[in-house]
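My structure is below; once you've seen it, I'll send some questions.
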Amino acid sequence: MNFASNVVGAITPLLAISSFSIPLLSLFIKNKKFYNAYALTISAIALAMSSWTFARLIEGGYKPIVYKFGGWPPPVGIVYEVDALNGLLGLYASLVMFIAFLFSTWYSKFIDDVTWYYTLLLGLETGIIGCIYTGDVFNLFVMLEVLSISAYGLAAFFTRRPTALEAAFKYAFIGALVTTLYFIATVILYSAYGTLNMADLLGKSTLASSSGFSGWLFGDVTSASLAAIAFTLWVFTFKSALFPNHFWVPDVYSAAPVPVIAAFSGAVEITGVYVVVRFMYTLFGAESVLALNGYRDSILLILLILGIASGIVGSLMMILQKNAYRLLGYSTISHIGLLYMVLSLGMSSIPSDVLKTALTALVYHIVNFGLGKVLMISSVGLVSTPTGERDLDKLSGLSRLYPIASIGITMAVFQLIGLIPFGGFYSKLLMYQAFISSGQPMLAVALIAISAISSLGYLKIFYALIFPPLLRSSVKEREGVVIPIVSALAVAVLLLGLFSPAVSKFIETVVENSLMPKGVKMYYESFIEVLRNYTGGG
Amino acid sequence: MIIELMISTLVFPGVLFISALSFFTEWYLRKGVAHMQSRMGPTYVGPIGLLQPFMDFVKLLVVKEETKQKYSLTWLAELFGVLGISAIVSSLLLLPLSPIRIAADYDFLIYIYLLGVMVPIAMVAMSLCMSNPFVSVGASRLLSIVLIVEPAFFTGMLTPILIATHISSSAPMFCEEAYCKLPLYSIFYSSITIGSAWSNPIYATALIIGLAAVVVSVQAKAMLNPFNIPEAEQELIAGIKTEFSGPLLAIFNLLHNVELSSSILFIIYVFLGGPYPFRHLSIQGVLVLMAKYIAILTLVAVVRALFGRFRVEQGVWILVKYSLIPAIAAITIVSLSNFYA
Amino acid sequence: MIDVFTFLFTICMLSIVVNLGISLYGVLYKPSLIKKIISLTIFSDSANITAIIIGYVRWRNPGEIAPPVLLNPNPTLEDIEEFAKVAVDPLPQALVLTAIVIGLAVTLFLVFLTLQIYRFYGTTDVRRIAKLKG
Amino acid sequence: MLIASDPISASILISLVMLYLTLLLYIVIRVLKPKHSESSDESREMYLGGEHPSILSKPHVLQSGLYWAIVFRDFKKAYRGLVEKMHTGRVIDWAYYMTAWLLILLLLAIIALGISALV
């Protein structure tokens, strides 16, 4: 158990140190292959560590693993607390990042300066894993900044392309504003609760009774929680690209390097969704002060409406796009909308078994959507990168040169539309179940409308890349490592569907042990246990 | 059991049955429309031309030569066509008609994804395998219709399923012994309980509205008049069928007809309770089933004969008006009445 | 009657909130990139000041506030207790330090981006930097 | 005979049936198909109502024209709003929507607090 917690604590420092040592190494070593191997090894180690952590978690009956940084006990020092949801998403995110690094070893042929690229990409992974594993609200802010700065840098990686600069500045300006707002939110939380630890906040927000207007914003638990959650939600809906805060996504996608796009849609936006789930279900659950006067319910209702709007706007805009990656950006927005639709079924009027189905659908769809998207981006990247074109019209028919890309795109389209028997269908099936059994059939109608509209957008990629005859003679680049990536992911999305009884049962256990009352209790209890060990068993 | 399943999906209610039904459907539609327009319709093969569609199919499949063009991917088009047909045939396992039945909670979603998503995608992909600008135009027209039809069809079909589930959970007297353990929200459950819902005036209103919406959307899904924009038989050059010839055309026609007849079958079971008020495997039951099938088919034929073709944007808005909005209205009535009951 | 301390504190808080609002407006609605950067620094500084003020634990009796200095080089337990009563909360200061460092990095990055954008677009007016749309 | 189970296993069963049927029918069609589909030069051209394919610059519609009818006819108004009001590419236009969402969140918080102050 102790060793397991040390592994949890070691992942982010390892990533951060190896990221920052690349500029130093670049003084001595100029060989591209070295950096490819170096970054790949580091991310493989991170993947191994996070999967080992998750295996320990299953072994220990999903009892959360707590790591104390510097040996300081929880409310005083920073802790990482990994419960079932954390552990699964950490494993998933490091898997996605590993695939991005693997793809980068092929992609690095087409970029000049590989050292800064890998520095930033490792920094991005540090931020993502840190945000997911952390058990401390302020450490979340620090990790969010690590993530964001790497993300801005990667968005502006092609500094000679005006569109990349424009996208990066739009993202970075609002991003900087948004993270500062989150800083204010943590300060407000600290002023009221006197703690920054998530488990401690969970306990205090559930126990605390409102003391009226004693401290007005500073000191009063209720008003502070309300203000803090308002800011936090705005911040993380920006990070996860929910409807009114989604504008940066297509811009960044249309100009960033291809593996970065995969990392963005597979991991960065999912991190945002994860934090919202953590705040709405663990920190400020149905019994916390946030439920005062139906505030939590009304916020969830608004998230639901925004989720529908996000799905519809994203899929409508997909139809319009000319740039392949911009189209995929809008498809991410539409899927994020679906995730928010199921995420927000935690209103007090909805029975808890429906909520369990909904949250299972959420986690399942995160995995399905992420892997399908990474598959899609790497297949399209294989076709588009050698030509340097991103315009669908100019790419037409090119995937006839690369049969593996055609297979990958086909599988990814089927996965993202949700055809039987691909994984995407089963998570949508769970969503429909949740919507219909919650007594809101109109939500199911909205879901099928979103699916119908977005299938038009996906067919556009299909139509542009696979069907038209190849007219222009074009040089074929060697596929190299992309073949194993695409084939493994294609098999994975099919297996996610064919083994969905087992997968969905497993995810249901994860949800039960993390987001449902039982899991939340476990999250709090392991915090208390660590505290007791420190104070000497009292 | 696996062998039974394999045979059943081939014979009844599998490929052979649904193909035969679809040939009959095509003959009936052609004959009916011709009758209404004072024409002859099919006459040559079989008694009153009954075997004409079948012979057309065989001729295209076996005798006619396939013309290949430089850019086409014929094998892929055939594969997509066959995939569409087998999606429809395997969805028939959800009906009470089938000797081997699959019923599960929410299985109508499987049906919707098989028929509403898989089949249009198969059709579009099939046509896009043939490179031709006119085909692409036809495909995009089909897609813009699918955009509206799919939610409308889903919403319409959801109406009886919600009603059936609500009836059984609120009034157990409808729950006959043998059926009590059956999964809710399933096509099977809806088909055995929906008959009793027609006596309730509120439910009957919702069902009628929903039925109308679904019939209109089936009309559009099957690309019959007035929604034959994507097919554009008369204009020939701007439809999705333009480049098909020989076996490929046969497969496409079969896919199209099978889709129409299986949609009608599902409508009969989900909305009208199949052989209700009689039981399956009784003579009256079979007769009632056939009568209902003919009735719905006649409705489709009448609509087809009455209207001319719409332009694309007209068609889409007509669909919104007469299919999507009524379907949503129906489902709203049901949810409201369930809420206040 | 309201005491002077609370009155001043309220004014201070209000002005910070107003400052936050104005700089938020500046970041989002001012067209010039340079002005946006300036507003952003104002915004993060206001946030930092909020954090510092939180550390002063305002609801303590104002008369007790004295410079938080430990006079005894080898403090006893009582000394530390006495110290804890008058000292400010150190945590928000640590938070602010972190935030300032991060803010520096972000501002530098934004200045670099602005310079590069000016080179390519010849303007720093965001209304004219709109190649990516639709 | 009735197989009642959860929808997930049901759909997996159905997809297996679908796979089996697809393979079977595909083989049947391949066998039934006339073998002698040797094509002449004439048949290798596209069907363009009698025109020669040389009248086309490309043998297919560009993907940007694929949904022309949807974008410029059927949902013209919706797209005009989405493109000209919302996704203009100008940060200032985005800010209206983003601040509106922030204001909604804050307003809700104030209302919730106000109710608790009154009650």
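Should a chain be cited, it is by its letter among A, B, C and D, assigned in written order, with residues numbered from 1 in that chain.
Everything below uses one rule, namely that a residue touches a chain if its C-beta (ideal position, glycine included) is under 8 Å from a C-beta of that chain, and two chains touch if they have at least 3 such contacts.
Since the structure is predicted, the reported quantities are computational estimates derived from the model, not experimental observations.
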item	value
Top-ranked pair of chains - ranking by C-beta pairs in contact	B-D
Rounded Å distance, chain A centre to chain B centre (Cα mean)	40
Centre distance in Å when chain C and chain D are each reduced to the mean of their C-alpha atoms	47
Whole-Å separation of chain centres (CA-atom averages), chain A against chain C	29
Chain centre separation (chain B, chain C; CA means) in Å	64
Chain D: positions in contact with at least two other chains	6-7, 9, 11, 14-15, 18, 58-60, 66-67, 70, 83, 87, 89, 91, 98
Residues of chain B engaged with two or more neighbouring chains	70-71, 105-106, 109-110, 114, 131, 136, 143-144, 147
For chain C, residues contacting two or more additional chains	24, 28, 130-132, 134
Pairs of chains, among all present, that meet the touch criterion	A-B, A-C, A-D, B-D, C-D
Chain C residues touching chain D - in the complex, by the definition given at the top	24, 28-29, 31, 126-127, 130-134
Partner chain C, residues of chain A touching it in the complex	138, 141-142, 145, 148-149, 152-153, 156, 159, 162-163, 165-170, 172-174, 176-177, 179-180, 183-184, 186-187, 190-191, 196, 215, 217-219, 250-251, 254-255, 317, 320-321
Residues of chain A that touch chain D when the two form their complex	170, 173-174, 210, 212-213, 222-223, 226-227, 229-231, 233-234, 237-238, 244-245, 247, 250-251, 292-295, 298-299, 302, 306, 313, 316-317, 319-320, 322, 392-393, 396, 420-421, 425-426, 429, 433, 456, 460, 463-464, 467-469, 471, 497-498, 500-501, 504
Footprint of chain A on chain B - complex, ascending	70-71, 73, 105-106, 109-110, 112-114, 116-118, 121, 124-125, 128-129, 131, 136, 143-144, 146-147, 150-151, 154-155, 158, 162, 185, 328, 331-332, 334-335, 338-339
Chain A contact footprint on chain C (complex, rising order)	13, 20, 24, 27-28, 33, 36, 40, 43-44, 47, 50-51, 54, 58-59, 91-92, 95, 98-99, 102-103, 105-107, 109-110, 113-114, 116-117, 120-121, 129-132, 134
